[in-house]
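Below you'll find a set of structures to go through.
Consider the two complexes below, in which chain A is the common component and chain B and chain C are the respective partners.
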Partner chain A sequence: MTAPITRAALLVPRVNLPGLVAAVGLLAAWQVLVSTGVITFVFLPGPLAIAGKLPTLLGAATFWQDYGHTLTYSLAGWGLGAAIGIVVGSALGISKALREWTTTSLTVLRLIPAIALLPIAALIFGLSADLELALVTYVATWPVLVSTAGGIEKVDPLLRDVARTLRISRLRELTQVVVPSAIGPILVGLRLSLSSALVLAIVSEMIGNPAGLGNAINMARNALKPELTFCYIAVVGVTAVALNGIFNALSRVLAPGGGQR
Partner chain B sequence: MAGNAAPQLANEVEATGFQCRGASASYGGASGAPIFEGVDFDVHPGEFVSLLGGSGVGKTTLLRVLGGLHPAGKGSQVRFAGRPVTGPPDRVVMVFQNYAASLLPWRTVESNVRLGLERKVDKAEQHRRAGRALEMVGLAKNAHYYPRQLSGGMQQRVQIARALVMNPDALLMDEPFGALDAITKATLQDALLEIQRQTSMTVVFVTHDLDEAIYLSDRIIVLSGSPAGVARNLRVDLPRDRDQVSTKAEPRYLELRQEIYNVMHSSSGKAAGS
Partner chain C sequence: MTVRKWARGLVPLAVSLLLWQVFGRDDSLYFPRPSAWWTAITRQWADGSLLRDTAATTGRFLLALIIATVVGALIGFAMAEHRGVDRSLNPTFEFLRVLPAAVTVPIFVLMLGYTNQMAVTAIVFASMWPMILATRRAAADIPELLRDVGATLQLTRSQVIRKILLPSLFPAVFLALRVAGPITFVVTILVEMLTGISGTGSAMFLAQQSYQSATVYGLICVVAVMALLVDAGAGGLERLATAFGGTRPRRRAA
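And then the complex of A and B:
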């Protein structure tokens, strides 16, 4: 017998109807406030005016280049950061000595806002795509590192006894027993760092590497095109939600039950 | 130094037995408080021996020393099949009390059972041996379930199958049935006796349950004191074919029960135990 829920079913997100109603209600209220003239601010268009701009934006080739750039760098930085975070986090989770020697330094580093490091990164990498990738990777590493280390540290020592009595190699103990046991916290870290990655990609495009959606938002603002600016912001928002949704669907398939006991 | 000690005894337990001479262990390394000291006993090949004692007396630690999961103290001689135990010996597998936490919840029953074989034998062999082990514990039909879909007794059967699949010479069991209800416990005790009859494995079984120890064992080693030592080492001279009802009604069973009870009772009084 297999689990009653198929993998395909796990991929389909469930619709949260009350949440959807609330979101649509807020948009409607915004529209009503703008069109009845309760809010008269030249740089705050209503949702309909913003939506009206959307087809033009989505039809432009430059938009898709910008979009591709931001998405590529967010995901590449996230992937790199995740790999570093899982490897270093695993090492920290396993070795008490390593934790004792490095926790203080790592905590200080981790708590420095990534954006404060941008000037230094700009000196090292110039105002380039490397700068963006470096910042995104940096910010994506921390949540994965911290949650992996914590998750692995809390793996029941009994499981390591199991691995030893079955005479499993240390490497297989790590990959087959220890890391999978910590999959719940690792997934949480990966999800947090995915949203941070997108945020830092956009921020570094706004003030570091002049490319992608962050740069496009700046340009639309400088051109005094509020509808267009809001269009970009909406696109970023929808992308963030979509990435989160895709990640959740994938983790439901890859780790049914989120590693729960 | 350990090599030339008691050569005759070493030969006697050469095949698949354990030998303990002056065994000790302590918490937190060699300098910590001793748990037990000067423990001497042998477990002969194919023998079923129970380590019996009150809670906290150090039975589990002694078992872990036999299984190479806890370091023996200075000067201890602990051997399996004639070789000093320095880490988990080949073909000696431990079964833990907490079955739920010792199974991997993301693996199916069959995949849990294959864990110790992976990368050691080829896939077909893994499946063949896992299938046979699951058959021995009566779970052939549950191979594709996940552990959480099974009852506690069935989960413990999975853990036993995971040990059996390694073709162990010796099975070390740490209160494996301690968390199960009386009926499940009796069923698993009989299943274990049947498996041992088929495989003639050596079994060292930790329990605090006097009746369980007598019912299952060829020999019982009672531990008591603090630091603990062997308070009594006695043969269970009951016929090997045991039965949950008739064995426990035999006069000899009741005598043994009385005798061991007295040993445990008097020593726990001395040790001011709970």
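And then the complex of A and C:
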């Protein structure tokens, strides 16, 4: 069914030439429009000016501190949220009664946009790192919770019967049979919550905890340094793509075939 | 889900709110009780600010959703119809798509200032991606047979687009609204909070800055109701779309 894979095809990555040309073309057009003064937005620098600022930014120690802060809190909140999501989601997936008695409440809570809770988090935690961690954890919990509950609910009852027949304990049944068979949906939830975690970390740094990349973006904008603002945005974009890529690579290694379902 | 099951599921939330009401206090800085939220919201209603803010948010949300739908559907359609367009735009889009809305807002602020135009542009930019993806897939899935019918009937290119292709895309567009609607609403609130442009998002933030806790909780309830309405509306469109698209062949045989 599949085309024969030659050694050369494996070694040379396929380059999407039109895609590359279009991306470069768009950047060139942007540069030309800005340098010739056709576009008259006050604070729109050309790509060359932006690229020129990038080495300065990447060479600054404060940048790496900000970057480390944002990454640490995104990943910490993601991890916490994922743990809560998997535990609560498993409970919901296993127990029909629990599901029946909570689904509507959870749906109502889930529909409230997480950012709408930022003002409350700011009241409770103050403008602190706790606010950021709480909000990132909260937003990261939901996708994992929902997909874990859904995935476990759909686990083949036969598998669980086998576990019962083999008389393994409930805990082993959960950790060795139920959760592994729901790994596909769980991975989907984890991936969704990873990107939300990064977003909420940056948002809470912009309007809550004055630290990290979010705060740095604010300062660059307020200081009317558009080149710097664009640099930060490029950095965040690359980080988002990279996190997604690393997650996909890891899930392919750790749970082969799991993410494809 | 039956009404009874639905009501049963609401019990934990209702009991928590009830306990909160019984044991909470009106003047608590962190956890004012629900009756205080109601008082705060009726005060906002009386001075007209509640209506003004929710109207601004709703209008901004609907305008952005309509623009995102039209622009997204057109781009998605163009990408599906022309393989060259698809291959050219894909890498750029893959990058732009993952940019969190929060980080692109400062760029639009720098370009357009703190204006409603900026807010709508930023919201559209963040919420048109699901529409592009859904339309692109749907347009690629239109059966060859339908196009052949157009050729047999000797329709012109524009007639084919108008009479065959666009109608085949409607279900997909409605289905994509199921995803795009809630995203657009969240981004609307986000942009209002980030830029202070008047609306429910910024009202919430103002209340927090002046430590009017009860107002913050009340406004969160308002946002929750709006989000529920958006979700219900999107769900309705989804049912409409499946009713429309149910008889159509789903996919060409590979």
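Assume the second predicted complex is superposed on the first by the 223 of 261 C-alpha atoms of A that agree within 3 Å, B and C clash if a C-alpha of one lies under 4 Å from a C-alpha of the other, contacts with A are read in each partner's own complex, and residues count from 1 in each chain.
The definition used in the following text is that contacts are C-beta pairs under 8 Å (C-beta built on N, C-alpha and C of every residue); 3 or more make two chains touch, one makes a residue touch a chain.
Since the model is a prediction, treat every value here as computed from it, not as a measurement.
In the superposition on chain A, contact is made by A:L109 with chain C only, not with chain B. In the superposition on chain A, A:T36 makes contact with neither chain B nor chain C. In the superposition on chain A, contact is made by A:D156 with chain B only, not with chain C.
Taking chain A as the reference chain, the count of touched residues is higher for C when chain B and chain C are set side by side. In the superposed model, A:V236 lies in contact with chain C only, and not with chain B. In the superposed model, A:M206 lies in contact with chain C only, and not with chain B.
Once the two complexes are overlaid on the shared chain, A:P226 sits against chain C while remaining clear of chain B. When the two complexes are overlaid on their common chain A, residue A:T62 makes contact with neither chain B nor chain C. By the touch criterion given at the top, residues 1-3, 156, 158-159, 161-162, 164-169, 172, 176-177, 180-181, 183, 255-257, 259-261 of chain A touch chain B in their complex.
Within the complex formed with chain A, the chain B residues making contact are 67-69, 87-88, 90, 92-94, 96, 98, 100-102, 104-106, 115-116, 118-119, 144-146, 148, 162, 166, 172. Across the interface of their complex, chain A is touched by residues 1, 5-14, 29-30, 84, 87-92, 94-96, 98-104, 106-107, 109-112, 182, 185-186, 189-190, 193-194, 201, 204-205, 207-208, 211, 213, 216-217, 220, 223-224, 227-228, 231 of chain C. Those residues of chain A lying in contact with chain C across their complex are 16, 18-23, 26, 41-44, 100-109, 111-113, 115-120, 122-124, 195, 198-199, 202-203, 206-207, 214, 217-218, 220-221, 224, 226, 229-230, 232-233, 236-237, 240-241, 244.
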